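Structures follow.
Both of the next two complexes hold subunit A, though its partner changes from subunit B to subunit C.
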Partner chain A sequence: MSNEAGTRPTADIEKRTVVVALAGNPNAGKTTLFNSLTGARQHVGNYPGVTVERKEGDTDFQGTTLHIVDLPGTYSLTPYSLEEVVARNFVIDERPDVVVDVVDASNLERNLYLATQFIELDVPVVIVLNMVDMAEAKGLRIDTELLSELLGVPVIPMVATTGFGRRELLQEIVRVGRERVRPKVAIKFGNELEPHIRNVTERVDQIGLDDRMGISPRWLAIKLLENDSEVVDDLRERIPEAHQLIEHVEQVRAHVASVLGDDPEMVIGDRRYGFIAGACRRAVTQVEAGRFDVTDFIDTIVTNRIAGIPIFLAAMWLMFEMVFKLGAAPMGWIESGFEALGGLASAHLPPGELQSLIVDGIIGGVGGVLVFVPNILLLFLAIAFIEDSGYMSRAAFVVDKVMSHIGLHGKSFIPMLIGFGCTVPAVMACRTIDDEKNRLTTMLVAPLMSCSARLPVYILLAGAFFSPQMAGKVIFGVYLFGVILAVIMAYIFRNTVLPGETTPFVMELPPYRMPTARGLLIHMWERTWHYVKKAGTVILLASVIVWFLLTHPAPPADLLVTMSENEAAQAHAEHSYAGRIGRAIEPIMHPLGFDWKITTSLIAGFAAKEVIVSTMGTLYSLGEEAEDESLQAALRNSPTFHGRPLVALTMMVFVLIYVPCLAVVATVRKETNGWKWPLFLIGYTCGLAWIVSLIVYQVGSALGY
Partner chain B sequence: MADLSATMEDYLETMYRLEMQRGTVRVKDIAAAMAVKMPSVTSALQTLAEQGVISYTPYRPVEFTAEGRRIARGVYNRHQALCEFLTDILQLDPKTAEGEACRMEHSVGSETLMRLLTLIDFIKRCPRGGDDWLEHLKGRWEQGPCEGDCNSCISAIEIPEKAPFPPPHGDATLITLDKLEPGRRGVIVKLGGRGALRRRIMDMGITPGSDLEVERLAPLGDPMEFKIRGYHLSLRNEEAAKIHVRPTS
Partner chain C sequence: MPLALAEPAVPHRVVDVHGWPGVRGRLIDMGFVPGAEVRVVGQNGSAVIVELLGCRLMLRRGFANHIHVQPMV
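On to the complex of A and B.
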């Protein structure tokens, strides 16, 4: 049914949609191709495993609509990793019309390994030989026609970044997809294995498994011989009479293992590579010795034994400075913008409930969401650059040893570092960590890195109760304590709530590439938009709730008449739900040396840490805008602290540990896609804060401080 | 099988040695190694070529035929085994042993050779043999038969926990990947470990028989980076320790 040039396709063909599954190794340029085909906004990564969500997009070509689904980037299709199972199941269950496998032409052997597995599935496959320009620069000449013949599937040379070969690819996708052209070559696994594969295939055929499972019987046979847990379990569950076959396969496996000296799955994998190596030997020629390799050269510097760590630290410092120093100005503009907006609203709305809701609840809440935007934009600009350029893997390579000691991955370093600036982007930066357990552990301990919003609280308290010389050391001590706690908690989590082996550290160091401005901007924009949309709504809601707790119910009006404005505010706070909760849980906080005023401030601190300072201003009748010095004096003289630095220190420790702010909780919810981990975060940080503060206060008291 | 004179076998052995050491076999090197003149080498090579064990074109490196390499390997192995027997068991000095072996190697049959190898292995590994047994034997060459108290001697033998020598023809040349220094190359022989890790490693193209080159260790000594199938991969030393390689440079 091929469309010869000039013949008019019939109407029903013209209407058809071809469903395309886009597959490929990480770093093969799959995402670039996806963007180039669909024009969709999606991140272009240079780091394994960026695409975890399913992304889709449409494009029209010569009257056919191509519906393209971006599969996770994987190296293989084993049942051991979630991404691989997702990719495989999509092809089996949703039966796309064609699988387009993007292959890095300059790294052909390893990339074709995934392709052989799609070929085994006996589904229509088109191989995109991406980055042929790079391969040529490396002196590789690839005979695509011969390669196509040897692999039995169409092979299209392409350069996704420039669009070279795009048209030919679209044509081939439409042709193969419409006619469902299957691979013409079956990969053979050698004389020892083939009889067993044939034997199992026949048995699969006999019970008609292939019809019921809807997949090639040979593929099923291979998977059974590989002892593929997904397939075996699925078979057991769905087809009870298959158990005989499974038993038979177990015997065959044992036999093969004894004859060939290794597990059949290893032998099968080895044969796949053998098949690929054979094809490459014929179709690829090295026309000139590899020229000067830029990647090798850069690596001798950035992963150098002596220079590697200083370069890494400099890169991290640069990133931190960029995110928080460059972000400071726009953050200031956003803050003052929202203040001005609040002032405007106050001026134009009658004082009362509505004014308070709009000014303090909504405008304050939206401001609270947007104030993080500059940091997030800059952070993801930096991360996208580090990832797309290829440096991320090197950074992980350089620091992995340090991080592996606490059971984490080299890539956990960046979120931890960012945590000193702001925990919200730190939690978002965890998405660069591939392994789920490592990712969650990092996400759970990153809040212990003291963020910049906690600093005003430390400055207020340390300034009030310690000498100027001591204050700095105390604050530094609190920061350091946070790091130590993070290390301890990471160790504990990896052995309790998130135990077990993580994905082995088998990390590709991809060639360095210059990130494209388009790729960086798409990535930056996408992450920020996600934050505003997903986390923003929760943060806004939480802000309104906290506002409500701090302002309702109002104290009796007759009480307020004689009071000054500041006294009235204090009465408001005392009378509010927050104040009442503060009083109610005071007994729990009493062993830590906290009275209801501290407790209420801490409750307000759930909204954001800097709110603690303004709440204390209100509770000590100085108004929200109280100068630090006057508030410090008030604190020193208040019965709350009895002038004891120990109480202040305990409070600093508590502020360090307990939930940084609701924005973090909302972000964790968004990143983990559920309430389990954010609730766990609240629980563990509050519990840990209480216990550690108790120890600090009680031991300090016993020592006479 | 070609019937070769002792001299011809010596030529094959030398060439086999040169091939192992340098990769190519040149007339000049053969002459130097056997301390003979170049024309003698050339005529010997012509004879060998006629026998079909090598292919030889003047001014080009010599190459073995499949048959020739098999014979050469046989001569070489006999020589090595005899040398080992003469130095380790009979405790002759290496130079004498070398000369003796050269003469003996042409007449030892394959069955005798196998038994000799088994004997060496047995003496070295059996707790009743082993190091100190050989030590005692050393005294006998000069002092004649032993007249001591066998029982006290036997009771003094310390049975070692494990064999004092590595198996002579086993995995002695294999090391684990974490032991391969940066800059060195190797061929993968065996993947240890199990389950997902092993599979993941294989999926990345680390299969038996593939070459790799260790590029560097991370600044803190772990993980390591190596090049395989034309790309760069890093593994923690802990995982690299499960991969067995045969160093090639």
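On to the complex of A and C.
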């Protein structure tokens, strides 16, 4: 082998650090294992050049540090999706000391397919048979020693959720990683194909390609025969004299196809599955079969043609009820906590610039955002439950028919559902959609799913202008309206800017599982933490900037002398930079019933939608005499809304549609690799928001609301 | 016959897989190789759910039509 371990820097220092790549199919329990191995020592970043999330973590074991890199979940190493390319390139280019392939023991045959590809790559591999308890419950008995012998790589039985087998795994990782133990068995592709593979392998050797590409020559030969576009293109680009080899491979491919009646990729895929089936036949025994299958049973109900949709809608309704009903009480506690903090700060700080900055700018701004943490925690908890239980993919199936009408597929539903939590991960979740046009369309309409940051604005406005019984229904209506708009816009996009056929797709429906508390909490916490971090950084900064824009410059002192306190506050706001900007744009917003205060709040909302609430807090409570008067009451009494729900409703509609926050724009830019689509997103959302709000306000006014 | 037209709940065998290289390669990777046992376990207007190698996959009908199957005897 050419790729000797000694050339790697990490190998020199007595292998005190072992680099581990964690691979596996989606749903094999990879994330659980990663969390179990690394605990809190994790770092989340991106793979270079692409936006696939890269999680890394460290753990120490018997004097060796294991540096674990979580690869994206994939079924194969053939580059049909970004995730697969990333996983493969990591193993080939960064050469981890050992690849740990997490395999669902209750679903061995499919899961081992990926393992065969690592074996072909001839890199050190350890297979983790995860969820052996589930396999046993299904009546499967696996002889791990025999399986290990047949596959030629170590096989460790494990239950990642309980930590069973963790120690044995760590031991094996250190041994295989330090000694770079390679697979002992090579997968054979049959008497017809093997001579051709050997022949191509020799030619690869002759040109010394393996040295220059740094990969096993046999693997390269197999990939060439499989006509792997990534490998062929890479070879063409990097090694000019390889064109002869490529031509030769094309001839061999044609020859194989004519002799076997099937092209090499089919024969190779077939042989891989044959190899696995052979190993499983010997190492796995079905002890008892035909037990009642829960997944079977639930699926006949939830994917039923008639019952599926009502069940889906009921699940969504339940989620909403839980998020808003259970969240109400803790919200109140946080609110009073920040009020008390503000009161405390007012009492101890001398009146003036600093007091205003801390009380109105910082405590008011950040507090107004953190109040919604209970709602957001519950929402992410619900989404994590839907994901981890296995219902998410069923929901995608149920709505696929509807999605197909608007030119999208069921998978687009997942980013849209996540969009209710936060648009940023929703845009990122679009990566799972293989088809480019579907992906872009989903990305463009996902912001119309009302994210959790918009919820504070709705709660504020609906709470102020509608009865408690009506407020919830109005908010639900706004959410529903967003979904309807998304459907319409997706249809329009698919027929105008992004036309073309939909690529069909395959999606796994994992068996139903009771989500573990630990898994749910980690999911919930990670996502909520993003929100809290945003409150601590971007929103804090935005609050201070907005506070500055709202309070500077001060109006001339001689003007203020004759004024009452309220008039002075008004003059302050009007004279400020923000007030000036708001006033300048006001004529455009006037037909929507918006005055300069709403306009100013909406401008501030560009930074993040929660900032709208904090800005309104500043705009409507500055210099307020009655300290205990809540913002909602202030809004009701303000001339802005004429005490009418219509303006509030129009504003909710505008907030629903217009530009998601700057973070989303930045994410879209990153995901699409350019400014075209983020700019398009800003343009269309603002335009649409204005038109729809105009209709709502004008029609509402005409009807006398 | 195309997989999308196979009778639900009845075990079938994969005979052949068609489609342009990307689609075909993906299907082969997912285990649709000649001889594999496959069963339709659910369907709606746009997609089918099949059981293959002990797990459930959802396929769009257009995709499922690239897979040719015959009932197992």
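Just so we're on the same page, the second predicted complex is superposed on the first by the 453 of 705 C-alpha atoms of A that agree within 3 Å, B and C clash if a C-alpha of one lies under 4 Å from a C-alpha of the other, contacts with A are read in each partner's own complex, and residues count from 1 in each chain.
Convention: a residue touches a chain if its C-beta (ideal position, glycine included) is under 8 Å from a C-beta of that chain, and two chains touch if they have at least 3 such contacts.
Please read these numbers as outputs of a predicted model, since none were measured by experiment.
Participant: Looking at the overlay, does A:P240 come into contact with subunit B only (first), subunit C only (second), both, or neither?
Facilitator: neither
Participant: A:Y273 in the overlay: touching subunit B, subunit C, both, or neither? Say first, second, both or neither.
Facilitator: both
Participant: Using the superposition on chain A described above, determine whether A:P556 touches subunit B (first), subunit C (second), both, or neither.
Facilitator: neither
Participant: One more residue to check, A:E508. First (subunit B), second (subunit C), both or neither?
Facilitator: both
Participant: Looking at A:Y113 after the superposition, I want to know if it touches subunit B, subunit C, both of them or none. Which is it: first, second, both, neither?
Facilitator: A:Y113 contacts both subunit B and subunit C.
Participant: Is A:P351 contacted by the first partner subunit B, the second partner subunit C, both or neither?
Facilitator: In the superposition, A:P351 touches no partner, neither subunit B nor subunit C.
Participant: Report for A:G704: first if it touches subunit B alone, second if subunit C alone, otherwise both or neither.
Facilitator: Neither: A:G704 stays clear of subunit B and subunit C.
Participant: Should A:N227 be classified as contacting the first partner (subunit B), the second (subunit C), both, or neither?
Facilitator: In the superposed model, A:N227 contacts subunit C only, not subunit B.
Participant: Output check: A:G308 vs subunit B and subunit C. Expected answer is one of first, second, both, neither. What do you get?
Facilitator: In the superposition, A:G308 contacts both subunit B and subunit C.
Participant: Where on subunit A do the contacts from subunit B and from subunit C line up?
Facilitator: Touching subunit B and subunit C on subunit A: residues 75-76, 78, 80, 106-110, 113, 265-266, 269-270, 273, 295, 299-300, 303, 305, 308, 393, 397-398, 400-401, 404, 503-510.
Participant: Contact residues on subunit C for subunit A in the complex?
Facilitator: Touch residues, subunit C against subunit A: 17, 21-31, 33-36, 41-47, 49, 52-64.
Participant: Inside the complex, what are the residues of subunit A that reach subunit C?
Facilitator: 75-76, 78, 80, 106-110, 113, 227, 262, 265-266, 269-270, 273, 295-296, 299-300, 303, 305, 308, 393, 396-398, 400-401, 403-404, 409-410, 502-511
Participant: If you look only at subunit A, which of its residues touch subunit B in the complex?
Facilitator: Going through subunit A, the ones touching subunit B are 75-76, 78, 80, 106-110, 113, 265-266, 269-270, 273, 295, 299-300, 303-306, 308-309, 393, 397-402, 404, 501, 503-510.
Participant: Hey, which residues of subunit B end up touching subunit A in the complex?
Facilitator: It comes out as residues 191, 195-205, 207-208, 210, 215-223, 225, 229-236, 239.
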